[in-house]
Amino acid sequence: MKTNSSTLPSTTMTRAKIFPHLIFAVWVAWLTVMPLMADNYYIRLATFVCMYGSLALSWNFIGGYAGYPSFSTAAFMGLGSYAGAILQKAGMPMILAWVCATIFVSLFAALVGAAILRMKGHYFAIGSISMVEVLRLIASLWSDLTGGGDGLNVPIFQGGPDYAARVFFYSMLVVMLLAWLTTLFVDRSKLGFGLRCINQNEDAADMVGVSVNRYKTIAYTLSAVYCGSVGAIYASWVSYIAPTDSFGILLTLKVPVMTMLGGVGTVYGPLIGSALFVLMEETIWAQFLDYHQAILGVVIVLLIFFLPGGLLKLDYKKLFKRKTTSHTQARRA
Amino acid sequence: MSKAPLLKISGLQAGYGDVQVLWGIDLEVPAGQITCIVGSNGAGKSTLLRTISGLVPVTAGNIEFCGANMTGSAPDAVLAAGIAHVPEGRRLFKGMSIRDNLLIGAYLRQESRADIEHDLEAVYSMFPILKERQQQDATTLSGGEQQMCAIGRGIMSKPQLLMIDELSLGLAPRAVEKLAESLKQINRSGLTILLVEQDVVTAFELASQAYVIETGRVGISGETRLLVEDPRVRQAYMGI
Amino acid sequence: MTLLAQIIANGLMLGALYACIAVGFSLVWGVLNVINMLHGSFIVLGGYLTFFAWFHFKISPFVSLPIVCGLLFVMGYFIQYLAINRVITRPVLTTLTLTFGLDMILYNFMNLGFEATPRRVSLDLGSLTLGGVILPVDRLLAMLLAFGLTGLLYYVMRSSRIGRAIVAVRMDRDAAALMGIRVGHIYAMTFGLAALMAGACGTLMSVVFPITTNITGLLLGKAFVICVIGGLGTVPGALVGGLALGLTESIVGNFMGAQYAILFGFLIMLALLITRPTGLIGKKGYE
Amino acid sequence: MSTILEVRDLSKNFGGLHAVKNVSFSLKKGEIVGLIGPNGAGKTTLVNLITGVLKATSGNVIFNGQDVTAQRPFQAARSGLARTFQIVQPFPQMTVLENVTAGALFAAGASHRRQAEQQAMEHLEFVGLAPQALRPATSLTLPSRKRLELAKSLAMNPKVLLLDEVNAGLNTSEIEQALTLMRAIAARGITIMLIEHLMKVVLSLSERILVLHHGELISQGDPQTVITDPRVVEAYLGSKFAARQQGVAPTAGVAHV
């Protein structure tokens, strides 16, 4: 899990540091303006881009910075959906329901985190995948609360399809920006540094004074916060949720893959990876309906073989200097 | 060294990824003798053995064994050609008994069960402790006993050349003395030995010929009885 | 009283199949350190091949068993040799994602080739009753074969040359290479053996349950639970874990319903993961 | 001098195997004590027990007047009990400076990263690694990696420093440099326990020596009495070393074994 470029955060923001933020600002500006001119298809696509952007940024806290490959994304998102839907059915106004759902999921992650983070490596992966299954089973069994197997209807958002599309788009955009801000803060803070130490050598981090369990639980909780809000917003957006698709294994595996495509443990890797992945999936789906899953599988396999570090951490310098390396070594001998 | 050397290395370069460790090693191991390689840790001693046995890829130069070119061969081809490698830190197989650890040394050998059992008895006679505790898990042995088992495992493949990486690391002086005796006995029975050793006193007492490796290249080399008097060696490596 | 005996009998018959489900997965996890997301699809593929051999060519499942085993072994060998070996030393996120990608490909083609309608080999072999306990013959045969196959694998692992080589590679890759063991080949053999066991399990299951591509996730979940309960990378571990889960699901399923049974299995696993992540008899050592 | 660290019959067994058996000793402020014993005698286990990496089966550890037996490693680190690793454990993808900054930031509790980096640079100068500050930690040779470990533990401004085989693998001239460095550290009032199986280092630096064998403390005292103690000679040193001892005064250059 490579550390990102800013090793010594010099006080003056050198040109290389500002450049990525500039591009991101331009991109966000374009996104905010886009709904005024685009039709609902593109707004829907942009909503998904922001949604997966938030999920990927969230996963990055635990999977990228701390190096614990969590597969709980679907659990947090599904929990957010159900919490939001149930609260809204009980009459709570939509935005308030979203906020409460986010808080509930965050508390859940903080509690579960302490237990699940005792596991390491493969056991942690299995533990977090199984949590998705457990929640799916509970959702389908506890029918009087969750409507069981036949799912739950969420009160339809008043105001017509166009207005609704825009409201849900801007909500997802806001969540993505919050997740981005949190990532910026963590990346520069003592927490971020400590998580990177844990990622590279947990025992050495413990010996150097990092309070390992507390930091890991914080990262795990952070990875749940925005998944909860995304889940709640998604439930109101599609207005019908059911256990099998709220707690799907496919989502919980796709989000880490998106982050890997962009660059794990970086600020902009998750955003680039998720945007590319969503756009690619959309085009594949449109062209090859029968084979879209196989093609996606091939893409994942190729990503693993040829782009392990992700786009952002591809060492472009090394790529271009490939020809000269043997030359320099010979000279140095 | 009139006869052709058993092992001949010329201009060998190797490393891990883009970190190069060996910068051109030239070395010859005469048949029937004990040759030792000394030098501080991180100089490339272990990397040299791992490159000969095929664990580390060769980037330049070549390796000749009994006249045949071995450069870049896979570990199983190197072992089949007759070079056994007792790795640094012994690395016996946990969860396997001492007996199974020794038997897996003969993994490549096609001979009959009887021949292999015969060789096993030979190892047991050299290291009786191994016979007493042969059913125990190999990793419950003490440091010195583990080294005996690792050497035994190397011999079980009936090599022509036995390479041993760090005989004395982490062992009490008493254990090192006993192991040195056994190695002399093994060498007298006709097995050529290439010993990588960080403790120069032990190495020079055992070997007839020595190479001093510094940062990936051979510095001083020659017969040990001459090198013992060489002021450069005494000061840098023997602290006398 | 016979109700309890019936539940236990069902539990054992189910447990034997579960052991078969888990033993291949446990081997790949224990020896290769890889979480194999393809495992569920291998089982279903074995089931489909058996069904179509029986349906179209009237080949009895017990005849097609060795054929399925051979096919799955070759398939497993090359998937490992050509694909997974390239990233075998990478962390769990990379290898798990790779097998997930491969599974998406296999799953897609199975869906297209076989459609998802459930299919089952129905050999009306009737059933025996032993002291009030009804034992359908097909389930009984499936159980016996499952135990037989698991026992055969245990024997191969413990006393054959390949078995010792697999254990050596598992304990120390480099040291095994120095013994002349071709590590890449042994990894491929291990993955092939695991695919073989999965295929065989698919054959046996097709006689007992309807086979459909929708249950690949369910089978994978079972393999997780059994491996954690019984302990990683050991054949006895898979056996104990499989029987434990089979009995639990049979008892809980009988009184509270199938979904509660599955939930119960996961909850036991999570509890164990937190307290004893190496499982009931998870020894760090042999086979 | 008041005692800074006291160990009272500390024991640890791993299922029947007694790795450490009722070990008791104490360290005075500013003292340099050597802990020797063959590999597998339990030296590293003892260090792991004192620093909380392993939970003791029985007995306790009193540090600075507090019972820290059940402390986790990061609490021990923050209270001033630092150790180096026998197998060097840098943060692989971080630079030399970041590795040392980690110590200053977390254990020594520097308020923010800039301040921690200043302190880290001072420690790097002290051990002579300042020129490689921005190089990746993995690019260092073994001797400089050992100095990195030293710098990292100094950055944690420790009261007691447990140096676990920090000289293993160094040749004689490299050990010479390490000795001068350790004398300089001791001069700053830091109590040092030197865990070694290289006699030369232990003899020329320690005021007191503890000998561990099969998890038990078989001898304790000043260097001269310890290396002539028959039990130590029989269990650990081997007759050849003892013979060489008689001929040569201990403080002169002794061929390390």
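Labels A, B, C and D are assigned to the chains in the order they are written; within every chain, residues are numbered from 1.
One rule holds in what follows: a residue touches a chain if its C-beta (ideal position, glycine included) is under 8 Å from a C-beta of that chain, and two chains touch if they have at least 3 such contacts.
Please read these numbers as outputs of a predicted model, since none were measured by experiment.
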item: Greatest separation from chain A - chain, by CA centre; value: B
item: Interface with more contacting C-beta pairs, comparing A-C to B-C; value: A-C
item: Centre distance in Å when chain B and chain D are each reduced to the mean of their C-alpha atoms; value: 31
item: Chain A-chain D separation of Cα centroids, rounded to whole Å; value: 43
item: Multi-chain contact residues (two or more partners), chain B; value: none
item: Residue ranges of chain C touching chain B (in the complex, touch as defined); value: 161, 164-165, 167-168, 171-172, 174-182, 283-286
item: Residues of chain D defined as touching chain B within the complex; value: 38-40, 138-139, 141-143, 168-175, 197, 200, 235-241, 253-257
item: Interface residues, chain B side, partner chain D - complex; value: 19, 39-42, 142-143, 169-177, 198-199, 201, 215, 235-240
item: Sites on chain A touched by chain D in the complex; value: 1-3, 7-9, 190, 193-194, 196-197, 200-201, 203-212
item: Chain C contact footprint on chain A (complex, rising order); value: 63, 69, 115-116, 118-123, 125-127, 129-131, 133-134, 137-138, 140-141, 249, 253, 256-257, 260, 290-291, 293-294, 296-301, 303-305, 308
